[in-house]
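I have a structure I would like to understand better, so I am pasting it below and will then ask my questions one at a time.
Order of writing sets the labels: A, B, C, D and E. Residues in every chain begin at 1.
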Amino acid sequence: QDDDVTLQLQWVTQAQFAGYYVALENGYYEEEGLDVTIQPGGPDIAPPQVLAGGGADVMLNWMPSALAARERGVPVVNIAQPFKSSGLMLTCWADSGIESPEDFRGKTIGVWFFGNEYPFLSWMSQLGIPTDGGDDGVTVLRQAFNVDPLLQRQADCISTMTYNEYGQVLDAGVGEDELVTFLYEEQGVSTLEDGIYVLEENLEDPAFVDKMVRFVRASMRGWKWAEENPTDAAIIVLDNDATGAQTEAHQIRMMGEIAKLTAGSDGTLDPADYQRTVDTLLAGGSDPVITAEPEGAWTHAITDLALQ
Amino acid sequence: MRSLIPILTILAAIVAIWYAGAVALNADWARQQAERQERVLTFSELVAETWSQDRPRLPAPHQVAVELWDTTVEQRITSRRSLIHHGWITLSVTLAGFAFGAALGIALAIGIVYNRAMDMSVMPWVIASQTIPILAIAPMIIVVLNSVGMQGFIPKAIIATYLSFFPVTVGMVKGLRAPTQMQLDQMKTWNASGLQGFLRLRLPSSMPYLFTSLKIAIAASLVGTIVGELPTGAVAGLGARLLAGSYYGQTVQIWSALFAAAALAAVLILAVGAVEKFTMRRMGFTR
Amino acid sequence: MPEPAHATTAPDAATAPAVIEARDLSLTFETNDGPVHALRDVNLTIRKGDFVSFIGPSGCGKTTFLRVAADLEHPTGGTITVNGMSPEEARKSRAYGYVFQAAGLYPWRTIGGNIRLPLEIMGYPKPEQAGRVRRTLELVDLAGFENKYPWQLSGGMQQRASIARALAFDADILLMDEPFGALDEIVRDHLNEQLLALWARTEKTIAFVTHSIPEAVYLSTKIVVMSPRPGRVTDVIESPLPKERPLDIRDTPEFIEIAHRVREGLRAGHVED
Amino acid sequence: MSGGLVLAALVVWAGGWWMNARLARMRARPGLGLAAPVVFGVTVLLMWELVVRGLNVPGAILPPPSAIGSAFVVNGGTLWEDFVQTFLKGALSGYAIGCGLAFLVALAVDRSGFLKRGLLPIGNFVAALPIIGMAPIFVMWFGFGWQSKAAVVAVMCFFPMLVNTVQGLAAADRMQADLMRTYAASPWQTLAKLKLPAAGPFIFNGLKICTTLALIGAIVAEFFGSPTLGMGFRISTQVGRLALDVVWAVILVAALAGSAFYGLVTLLERAATFWHPSQRGR
Amino acid sequence: MPEPAHATTAPDAATAPAVIEARDLSLTFETNDGPVHALRDVNLTIRKGDFVSFIGPSGCGKTTFLRVAADLEHPTGGTITVNGMSPEEARKSRAYGYVFQAAGLYPWRTIGGNIRLPLEIMGYPKPEQAGRVRRTLELVDLAGFENKYPWQLSGGMQQRASIARALAFDADILLMDEPFGALDEIVRDHLNEQLLALWARTEKTIAFVTHSIPEAVYLSTKIVVMSPRPGRVTDVIESPLPKERPLDIRDTPEFIEIAHRVREGLRAGHVED
């Protein structure tokens, strides 16, 4: 009898989550004796909330959001970190005159909220740029999850992921030379992205720990397969997309970019990366994500067993 | 036939305005594109460009029509790319939500009409409940129900119910109170029981009101379903198509999903209308 | 009009048993503008087989009296008995049929269905229902219209159907509140004739409200003239007309004389409004 | 202990029911009309508090009313700014534009049978469009500010208002209209002295429907892009931060504002259509 | 009734000028169930100062005739002139006042406001409006009710207000469609007296539809009896009664004779419904 595991994604089905779909389709979960259900997320679903409500056993989340949830009384713990580096960046029109972050002053910038605003706010506060408009500061727009504000020139810069929105801007017919990009990674304000989290109290249950060990092992196997077979992985993702709205070309390119982010990780969280994320967040401005150094927010217990 | 002429005229006017609007809204982008390619557009080229963009601000009518055709007729109806497939998913939830909503609405109305305590206390809250922005609580409903193990169909149906019970309650309260004092007295002179009074007087009297509110309710149920489909991971259904279209900048896809939804609503309203006509004729209301 | 309230005990009618008997009956409605005295100290005896008309200016309490007798309104003073029982018991024993001012047929039922309605409610067996519907329809000259809907009939025919509905079940009291108010004179004459014939045949006791003096005189064995605010009985006129009444009787001197007396009674009680 | 609180909730419910049943049997008295819904509301809130505490529901799922209340007080300033942005700027202006435009179009439709036969069926179809789907498009067209919210609200309000007003303008009965003809009244005189007053109840019906639509529309539109304030913005970002107490405080503001707006229009209706039987009845 | 259609040219009335003149007037409504002949070949002359009553069974075209004269309906055959003009010209020159069957007051205006309505529309100067409203209200015994709303008045008072509304402006033709239909007999008598007095005083020409035979006989100088489908004039009776008519005149033999003739005329044309 297979153990049931429900995984809550933090976004709609796309190649960003290829590793899990590959593990499912290629039977890696089954080989580990797991019956995995993958629940896609959406714009207004907060995965920690789902976890807290008992709607899922394990979730994917960006670390800022997970740490914020921890402070809010939902004790989630990082058990694995398949994404080594961050794909988040700002994409700006070159003709807006922006060359360095200092030039953001007086400009309009689209930012994703719902937990993704933290790294940006922390970056701006480190630079000493106010975020409430004016000639001296930036005007922040709450950007929906598409690139229209840039194309329609409603904003000078918008948030993009290397693997998704940036490609959409190019697809729209904009040349790379017309754009200027600022990768958070390169600005030294990157935070950890897609990690695997569970509720702390569940880790006291050895059966659950065992289940998670097998889950992480199979998932990482899926990721490595996806890195090596990007096209096939993209097709697997497409097969799992219930909306029928994704295109093959876009998913294949996305898989290529995602592979760059997962490349450096075997699933084990690098404590240095964790510390950098926490430092970035603690440096946040007036409305900090987290107010104190978190404790027990990650564990190597699972990955240590999984990667033996 | 004669009644079609005004409709067609107005429709033609709308399409003309639409095409003109497409030129106006999409021209900027067309010029930028031309600049990138170092071309200069003549007016007719500009018009042609604005009517054939991949990511237009406003797609031209024929683009929407082609997309509708491609995603309905050209696809197997079981395909995930088929609007009929998504329409069916939305429809099934809509119908379930409508059924719950109508039942709840009628039950509440009966309570309000027959119980003075309910009449006095519940109605203001029923109205207040409709001032709550449903899109804001939809994700919460989904999470809460998810935590008790309900996913997909039922949460969406509950949101649809939430939107559709209100017009039914309001209409049925009016309808159940439609009998005149004289008709009620008449029942009393025959010493009719409460149940007889309900079945033979109040219920039949409320039929015209019921159907009017059912038409509003089924449209509301569709809106509720689509709202419910937005945050549920945009898995499937017309709402998911709308959202996915928005994520990937597929304006044409948004518009075609919108039209499919409006057409679905129109069909549902017509269907309720047909049931109404049949019932009313059977009951002898129609002259 | 001196001492009219005791005229009820006219010698020739005193033989039959009393069917409706009001003693010092009063009814006051409490409204936002203060109390409205709809009935004050009404004393009236209606005997078996009587055809009693109530006439009086608008708002004098005619409808209220009928409604009290039918247990649709509760008196605030005095007593009233119907068939020797309280009005409530009488209603529960289905002692009377009530014809409202408007026809009030249910639009979603056919004429037959409307007449069947009280029978269904009172639990008459199915086959008997059909028979009764057929017979009452014939009685009011509507045979053949059983399956028509009310709106397919003229106003007069609807009114007849509503009378049929009150006749379909076995009640030997008929309370009729301006049943012919909305009809034109010729149709009204015709229905008056038929009502008289029916009354003569069935020996029912009828209490009948009207605004029309000729109608009251033509139909009744006893005419109750009322005055408004507070609603009182100002005159009770026993009709000397024979039971057999052709329409022409209305041009006879006796008729005109009674009509004159009714009009005088009315005018005396009438308050300029 | 948790079971005890749930039990207490049941007791509260029974108590609330009993009180309302008693209120219902009392004679009409001023203020009584308000008492019953208040008792009902308080009962619901108490039960909510007790059940949430009794069952230990995480605050990240459903906060108790007491937490919502304190969030409401603590965040008063932000909530007020959000209210100004969403309600005063977005919803009210959209409401005025949508209803005003619909009113003018209704006047034209009333004059022209051609428009009536052509526009109304199409109007019914367009009214069936789920405006939720229009929101992202309007944000694309009209920007992130309140203008796009007003546009969504205007579109939402347009058709209910149009249909009601057209119906109202045709509501004057034939005799009343014939009377105007016997006076050889001009079309404007007929409009001002007959059609508009007679349409009053219908127009107000449309206006009332639109009050609830307006707020919902403005909030929904904010979900598809906004500046960094507004009720929809607040709800969606605070859900992301699991600050559910703040989210519910915003919902509370929405419900209060919506009910107050509805109540205000109802009062105006009562003043303007005092003559209508439905207003006289009470 | 042989050759009744030419009875209109009775010698004693022929002196005054014609106010309404119908020649072979016909009106057919096209309905879903086929054409309805509401009027067929109606010939009628109403002269200045006449008080003409129209009587006939329901649906015989009485209202239709008045509406044609008022330019609310267009004839499909024949001609009609009003004051020598086409009905449309007459309407635009505000030649007549029309009183509908129901009072039809605007509920959002006070009684005074309702009476002021035609004056506002016709552009009477403000101060004159006030004077006229006051005077007509006195005329119909409603002084003091100027600021009440219609629903605060009884049916009879509303009806009087609606008559006042038609009298407020200077039109010397009055078209009245069953204005007293819904009133009780006493109030009706009273209003009949007042209407006669008004007519005698103002020398207006009045066309008056009624269902009541006594009312028609009591009021008119000329009674037009109509029969239904197709609506035709079957009899025109010139009244020999004097212009001065106390209510008692209704008990005189002449009165009863005319009433009898009207009833016979009606019954002949009446189709059993």
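Note that in this section a residue touches a chain if its C-beta (ideal position, glycine included) is under 8 Å from a C-beta of that chain, and two chains touch if they have at least 3 such contacts.
Composition by chain, UniProt nomenclature: B, D = ABC transporter permease; C, E = ABC transporter ATP-binding protein.
Quick caveat, the model's predicted, so the values are computed rather than measured.
Participant: Determine, using the mean of C-alpha atoms as each chain's centre, which chain is farthest from chain C.
Facilitator: Taking each chain's C-alpha mean as its centre, the farthest from chain C is A.
Participant: Just the chain pair, please, that has the highest number of C-beta contacts.
Facilitator: Chain pair with the maximum contact count: B-D.
Participant: When the centre of a chain is set as the mean of its C-alpha atoms, what distance in Å lies between chain A and chain E?
Facilitator: Each chain's C-alpha centroid was found; their separation is 86 Å.
Participant: How big is the gap, in whole Å, between where the Cα atoms of chain B (ABC transporter permease) centre and where those of chain C centre?
Facilitator: So the centre of chain B (ABC transporter permease) lies 54 Å away from the centre of chain C.
Participant: Mind pulling the chain C residues that touch 2 or more other chains?
Facilitator: Not one residue in chain C touches at least two other chains.
Participant: Among the residues of chain B (ABC transporter permease), pick out those that touch two or more other chains and give their numbers.
Facilitator: 57, 139, 143-144, 147, 230, 246
Participant: I need the residues of chain A touching at least two other chains; which ones are they?
Facilitator: Residues 43-44, 46, 49, 53, 144, 146, 148, 152 of chain A touch two or more partner chains.
Participant: Touching pairs of chains, which are they?
Facilitator: A-B, A-D, B-C, B-D, C-E, D-E
Participant: Tell me, which parts of chain A touch chain B (ABC transporter permease) in their complex?
Facilitator: The touching residues are 9, 12-13, 39-46, 49-50, 53-56, 144-148, 151-152, 168, 172-175, 178, 241-247, 250.
Participant: Give every residue of chain B (ABC transporter permease) touching chain A within the complex, in rising order.
Facilitator: Residues of chain B (ABC transporter permease) touching chain A: 29, 33, 36, 54-55, 57, 79-82, 85-86, 138-139, 142-144, 146-147, 151, 230-236, 240-241, 243-250, 253.
Participant: Over in the complex, which chain B (ABC transporter permease) residues touch chain D (ABC transporter permease)? Could you list them?
Facilitator: Touching chain D (ABC transporter permease) from chain B (ABC transporter permease) are residues 3, 6-11, 14, 25, 57-58, 115-125, 127-128, 130-137, 139-140, 143-144, 147, 219, 222-223, 226-227, 230, 239, 242, 246, 251, 254, 257-258, 261-262, 265-266, 269.
Participant: Taking the complex as given, what residues does chain E use to touch chain D (ABC transporter permease)?
Facilitator: 67, 70-72, 91-92, 94, 96-98, 100, 102, 104, 106-108, 117-118, 120-122, 149, 151
Participant: If you look only at chain D (ABC transporter permease), which of its residues touch chain B (ABC transporter permease) in the complex?
Facilitator: Contact set of chain D (ABC transporter permease) toward chain B (ABC transporter permease): 17, 20-21, 23-25, 33, 36-37, 39-41, 44, 61-62, 114-119, 121-122, 124-126, 128-134, 136-137, 140-141, 212, 215-216, 219-220, 223-224, 231-232, 235-236, 239, 244, 247, 250-251, 254-255, 257-259, 262.
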